[in-house]
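Naming follows writing order (A, B, C and D), and every chain is counted from residue 1.
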């Protein structure tokens, strides 16, 4: 009997010839990733009583949640992490200087996200690395501390869902709209515990950035991981930057899927997720005219150069609406430098935007653009939960960079096709 | 000082008098502004109008974009107030440091009287504006009455002759001034700066010096604009401006003259600005973070001089050091981007942030952990200001950039 | 203005606004909340707000209140019940803010050397006479000027404006 | 292991931001203080009034969102006995177990039980006892119950490594 991607990789990593959904396997990850929460993982790790981490080369730490530190507590966290990586010889450490950025973006740019690798991260959006054919998923702090100590974790083999994508996006429609459509259809728990495989001819045409946007958001429908079979595009991207060897793992053609869904990209239109649920999805045209106070372009979902270019194209030579703050945070310093070289940052600042240093920014309410009660933000991030951006009485709409940029221009939620 | 007050009141005013002066501009920021608004609303029972919406300005620079819910709410209070009162001089979180924005937008002229909720309002003395930092209660009085009580300060005259030689900058002179005066040496005094050195100073140099008058508790530090500064003002204001010159027989509490040709790079050590030493005497002190920016050293020229130095030395930053650059305003940021300066800082390993007060206020862009050391081009190094248990040194952008390259406090002459 | 009596808390020179009231608490708007953080950053005085009693005086060396224009640095002491600050010199913005909030500030040469923490002081704000009841020594502060006293007696600048508006 | 307490009832998709807001994740680390913010943005009365042993009964997809373990830690610190939900988001599920907070998947009870009712859960038998009847739920695997009984993953590993 054929195996899905998840079954195959979990069988391989646990040394079994066959596994099925529901089985529990014990595996050693190829790589683990943590961000600022490494500080508390360090404390938990120390409480276990083990002196050295299981494998310093397999641990990656990238500071991004509150950088540069906005308070002395954040500063202390960072300092403790710096001391720990030094003491343990963890070389894969990205500090708050201009080598870093949002952990998932940096992890991929630096060639840690590799086909056939099993990667665990103490962040829910670790699932992003599926864009490179990795099995990657988020875990909690205690569990990460346990892996640092013993190098192993138990995982339940998930059921799998396949999503086949065909057709081409109409103008003004992007991967973000597609993943919002899918989450809207399946619901916030529609893929709970599942492995989601994206396939079909349209996937081949997608940029790596788009693939990352898709895999990044599978957690918003509860999925354990999302994955796209690596192709030449991925292999040539990894050529020269891959941090270690890898072997592509593919699903068998006769694997069993709990569900198979098909989407025709030409039928997708610009969408938003309304407050306070990611699956609360509506066409942009149905919420057109909702006044906004803030627009945010950035995060691990949509902070890449492709996203900034889309915004710059729409905003070039124009001014954002009075009364709107547009905050743009490139996902990494690599993206920042690229945008700087291309003149993208200049165009954005000219239009009235604020460019903040790469990191998570206001995405989970830490700093750099927190909302006041009653304020509305349209954001390219991945969550619009109540209070997510720091204030329970504010509202967050999620959309593509194009929809966010156009809304900033208008001062209210607007469809990007209006100005294209 | 007496001349400005006299011209405002149409009679001769002498130092020591308490007078109510009419205000040309009342400025609030995201810091203390909301308190003033709430007080204003309470006194006027929510129905009051400000004395003149054209003479009020609102700037956001303290923790921009909003760092937390309270800041977000405070900014919202200001935005709604601006809307309600029809305040046109409103600058949101993308504009930059208030005083600098006002200067760039042509809202400051010689002889104007300005109050604002920022202790470094007085840096506008660099263009002969009598601008002072006040608390929110004073602002409420300003909102309602359009005037405020002042004790006309006595004046001291500082004459700096000679020539500063590269890499000694106006910041080193400012630190020299602070150490000569002491932390309260100019308390309640107006300081007038003269001499060859001042004449040669650019606007940026002047701002650096005048902003540090606050650190001697001085009320204001005036400099008579030279042709370059006058041209800048006229371009920005859009009409000719009149320079004020003190009378030859004006009375000064004290006149001090210095030849500062031999001045060396200076540094202020924790935890008070007046604790000034020679940079070379502190060589080797390890730094964890370097900050270039603030209302004192956040102008284009401050970054340009650091950039030129960086190119000349031809090395990146020490990887152990976090180096943070914050332009004072959007205008400065754009120029740094266009000229490739921002890019060079980032390529060298630095962090380039959005305009604002950044690492000069608690709550943004690189607060320190206990035991860490910051070398900053800002104006204050009070204990714990930027993180409990941390140490802050103050220096010029050149000393800062040299130290960012080596990872320890470095005299900028050492790498040339 | 009546005679005041209270215990002295003696601080050194350059007690800046971050030591009196740290910048990170600036978003607070309730003065009773502010009071809890008064002097928190002065080493060894982290729990000042718990130890001080209403009517006590803050005594300091030179340059008290230098730094920020934050009015919180006045309000936190005022709402803690501190009767006033007597320092060898007081930074100008702090001085203004105090007067504007009806909070007593006096400048008195050598006070920080002549008074020990715990000494009982009797202060006459009108004349500036300060009696150290514990040592028996008398000190003279600069008395407040007419305009400042007027504002103080009204209870602060806001009340002063109110009376101007009504009058 | 048996748990007895009153019911707090909530709906579907109770996410990690309403259980423990992101703004506290790096600034609040003391368990007692964490407990005070539990469910703050959903039900401010919860943290004030919940008593040790009380049980949360929720709809589907409890704990969706972030991987922040504090979402489980804050409930544990408050003394919450268990969370019963129609379904759990997977990272929360793991985090809860790793914190020694029992998680019980049971749909049948949701429509029948009301806020404030007393219930008793027997983790080893897979049963919930209430005035409305007895409900069964699938037993957790034995090694998972072992983690919960040891008080969470860290104590469990310490025990296994002989570091207790």
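Going forward, contacts are C-beta pairs under 8 Å (C-beta built on N, C-alpha and C of every residue); 3 or more make two chains touch, one makes a residue touch a chain.
Here the structure is a predicted model, which means the values were calculated and not measured.
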{"item": "Co-neighbours of chain D and chain A - touch as defined", "value": "none"}
{"item": "Distance from the mean Cα position of chain D to that of chain B, given in whole angstrom", "value": "53"}
{"item": "Chain A-chain B separation of Cα centroids, rounded to whole Å", "value": "40"}
{"item": "Shared interface positions of chain B, touching two or more other chains", "value": "68-69, 71, 362-363, 388"}
{"item": "Per-residue multi-chain contacts in chain C, two or more chains", "value": "24"}
{"item": "Shared interface positions of chain D, touching two or more other chains", "value": "23"}
{"item": "Overall pattern in which the protein chains touch one another (line/ring/star/complete/other)", "value": "line"}
{"item": "Contacting chain pairs - touch in the sense defined above", "value": "A-B, A-D, B-C"}
{"item": "Parts of chain A lying in touch with chain B, wherever the complex brings them together", "value": "68-72, 74-76, 78-80, 95-99, 294, 323, 325-327, 333, 336-337, 340-341, 345-346, 349-350, 352-357, 362, 367-375, 390-391"}
{"item": "Complex contact set, residues of chain A against chain D", "value": "24, 36-37, 39-40, 44, 47-50, 65-66, 71, 73-74, 77, 121-124, 126, 137-143, 145-146, 149-150, 154, 187-189, 192-193, 219-220, 222, 224, 277, 279, 364-366, 370, 383, 385-388, 390, 392"}
{"item": "Partner chain B, residues of chain C touching it in the complex", "value": "13-14, 16-19, 22-24, 26-29, 41, 43, 62-63, 66-71, 74, 89-93, 96-97, 100-101, 145-148, 151, 156-158, 161-162, 164-165"}
{"item": "Interface residues, chain D side, partner chain A - complex", "value": "12-13, 15-18, 21-23, 25-27, 29, 40-42, 60-61, 64-69, 72, 87-91, 94-95, 98-99, 141, 143, 152-154, 157-158, 161, 163"}
{"item": "Chain C contact footprint on chain B (complex, rising order)", "value": "18, 31-32, 34-35, 38-39, 43, 62, 68, 70-71, 74, 117-119, 121, 132-138, 140-141, 144-145, 149, 151, 182-184, 187-188, 215, 217, 219, 271-272, 274, 361-363, 380, 382-385, 388"}
